[in-house]
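In the two complexes below, subunit A is the common chain; its partner is subunit B in one and subunit C in the other.
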Partner chain A sequence: MYGRRASQLLGELAAAETGQLTVYNSDTFDQVIKECNEHNVQLQSLFRKMEEQNLDIQTTRNEDYFGAVIHHLSLARNKRCLMAYMYNRAETIQSLRWKIGKKLPQEIQEKLSFSEGEYFKNHSAAIDSYMSELDLDLTVDMIPPKDPYIQIRVLDDIGEVSLGDLEISLTRHSVHFLRRTDAEQFISQGLMEEFLG
Partner chain B sequence: MEEEPMSVVFQVGANGVGLLDPGSETNNVEKGAKVDLPFWLAHDLYLRQATSINVPACFNQKTRKEIQADAACVDLRMRCPYFYELGCKTVPLVGDKSIGSFLLQAFSSRYKEVLSKSHSTPTTTASKFLPRLTKEETQLFEAAQSSMASFKKWRVGGSRLEKASILGKKRKTTLPIDPPSP
Partner chain C sequence: MASGSEPWSSGVAEEDALIGETTDVELLKRAWRNEKAAPEILQFQAALVLRAREQIQLLEGTVEEFVGNGVDDLAVSLYQMDLDRTQFLLRSYLRLRLQKIEKYMIHISKTNLWNRLSEQEQNFAKRCTDIMEKHLEQSVLSRLPFGYQSILKQSISSEEDDMVPEPQLDTFVFCKTRGDVGAFQLDDTGDEMVDLVADDLYVLRYKSIKGLVENGQIDLV
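On to the complex of A and B.
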């Protein structure tokens, strides 16, 4: 059936939880594009047929016309589905910059296509240049803080880190009292957790 | 939802689209052929007066009787996962005005059940009746549960900083440091 494959692509998107990425499905994507090309070929041949019979494409309503309409609608439908697929993934990719920062972990990197990877890099660079212009890190304090300092517990060996004016050694399971803005990025990367003793 | 099959009758013939009609021997669809088309195609062809649309099976008399008898027990997802949305979009196409009130009646009698179950059912037994809900009802069900969960979290108070959910799926497997003593 026309358009079935494109909707499978979207079904994949819908089946994943919101905010989660699935692996970029280049196989199905290419198949849909191929389908589009076939529709186009059929469309052109129907138009040619009508022209050969010296019929005006604008006004004739014969069987060839309706065949062409169906191909045209299927083409538009496929295009729409592909755009929706790209758009929804792009939205998720944008949100990654805010949630986990500049560096994407390997398992997420693998799910992106090449151009999506480039998109992320460029988007990230745009945000960075804006933030450096403002001289303000916009990605921290996403939730209004009650206290500028928090207690955290380190979940993974991070090593020596310089935070502001102090050098600090973040070893696993150690508990520290840090500035919230410093801790926030580590928490969202899953390297620390808030310690509620 | 746009993929839902609709039974339509072609008012015109169409060449080069034999794929749509599995019973057709040529590559064409004849005038008067009865074919199942996805909703998006059926809808656009209807607007061009190329097809007429039959009322989908999920709004037939049998379903209506079942809804009247005990709305909450009817498996609507099996009939159509987008029961309400399809219904709303079908009404202007088929000219059957009774669908509207039927949808309203079905929804209002099932809504109470969905809402009360979403708060009272433990996750283990929810699997019994969740498959009966349409997609729209499932969304309602989950919204009710998540709002309750957030309310509880807010009341207890707790860490508001969390790990990004996209990272949370895979846990790093670490070897146990202390082997269990025999």
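On to the complex of A and C.
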């Protein structure tokens, strides 16, 4: 049936949780592209047939014309599905820059196509250049602040760090009470977490 | 914290009158809330952002000075809290706008919404669009048959651009009137009228109150 594969692609998108990426399905994707080109071949040959019979494509309404219309519509539908697949994935990829940061973990990178990997890098660079034009880091302060100080737990050995006027030794699993602004950079790097216990 | 001396870029007379009454933080909060609730991107508050950044710098200086002079910790932490909140508002405001640009970049760049962006946002939107086009081009469009390769149209036979994601303007929003608006027409036909009185809450379609949001007569919540 025409267009079934393309809807399978979108089914994958719909089944994934929002904000989560599925593995890029290059097999199905390539097959749909192939389908598109087959539709086009059929479409062109029907048009050629009509031309050979000296029929005006604009006005003739015979079986060849309607056949061509079906191929055209299937092609357009496949295109919409392919674009929706790529575009929605691209939107999720954009959101990763805000949620995870500049460097994507291996398991996410494996899910991306080559072009998507490039897209992430370029898009990330566009955000960076906006932030440097403004001289303001927008990737911190993601949640509204409640208290200027927070309790944090250290997830990895960080060592001696000087925060403002205070020297502090951040060893793994230790719990500290820090200024939120100081802690935030470590939290975004995954070296600390907010300790809510 | 209020400093109302700078020129107000959007130049709306009503806004000018209100500036004396409320602080920049309040104004920023309002701009942030409107931006958060509106489905489309709103006018960039250039002067307000500039003032907010100046005040943040000033406040940072004050906090440092206090710490240096050994002022009471409680006072310092109150100032710090104020500073944190303002910074969050500013960052979140700018971030919300970037996210809208990410979402509707093509739509924005071909309509007059473009003029609502700051210069930096325009640069960002331009870059984003280029990157997105390149990505879609190389992964989908260049592999499709001739006549189906446009990013804006489904095929060569489409008369209008029918592939561009646009914000949904007829979504419902919660809004609060700032002053009496009076009888207000909700749709083009004039069948639905509503009397908007001051300081009251309404749930209306964004599309119908768009104009009121833009000229500051109504706030989104």
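Remarks
Here is the rule we use: the second predicted complex is superposed on the first by the 168 of 197 C-alpha atoms of A that agree within 3 Å, B and C clash if a C-alpha of one lies under 4 Å from a C-alpha of the other, contacts with A are read in each partner's own complex, and residues count from 1 in each chain.
What we mean here is this: a contact is a pair of C-beta atoms (placed from the backbone, for glycine too) under 8 Å apart; a residue touches a chain by one contact, two chains touch by 3 or more.
All values reported here derive from a predicted model rather than from experimental measurement.
When the shared chain is aligned, subunit B comes close enough to touch A:71, but subunit C does not. Contacts of A:163 after superposition: neither subunit B nor subunit C is touched. When the shared chain is aligned, subunit C comes close enough to touch A:87, but subunit B does not.
Legend: residue contacts after superposition of the two complexes on their common chain; A:46 is shown touching subunit B, with no touch to subunit C.
Judged by the touch definition given at the top, the superposed model places A:55 against neither subunit B nor subunit C. Of the two partner chains placed by the overlay, only subunit B lies in contact with A:194; subunit C stays clear of it. In the superposed pair of complexes, A:108 makes contact with subunit B only, with no contact to subunit C. Those residues of subunit A that touch subunit B in the complex are listed here as 1-4, 7, 19-21, 42, 45-46, 49, 61, 63-64, 66-71, 73-74, 77, 96, 99-100, 105, 107-108, 143, 150, 183-184, 187-190, 193-194, 196.
Interface of subunit B with subunit A (complex): residues 2-3, 12-17, 19-20, 28, 38, 40-41, 44-45, 48, 50, 158-170. Put simply, subunit A touches subunit C in their complex at residues 33, 36-37, 39-40, 72, 75-76, 79-80, 82-83, 86-87, 90-91, 94, 98, 113, 115-116, 118-119, 122-123, 126-127, 129-130, 133-134, 136-138, 140-141, 144-145, 147-149, 164-165, 179-181. For subunit C in complex with subunit A, the residues that touch the partner chain are 53, 67, 77, 80-81, 84-85, 87-88, 90-92, 94-95, 98-99, 102-103, 120-121, 123-124, 127-128, 131-132, 134-136, 138-140, 143-145, 148, 154-155, 157, 163, 165.
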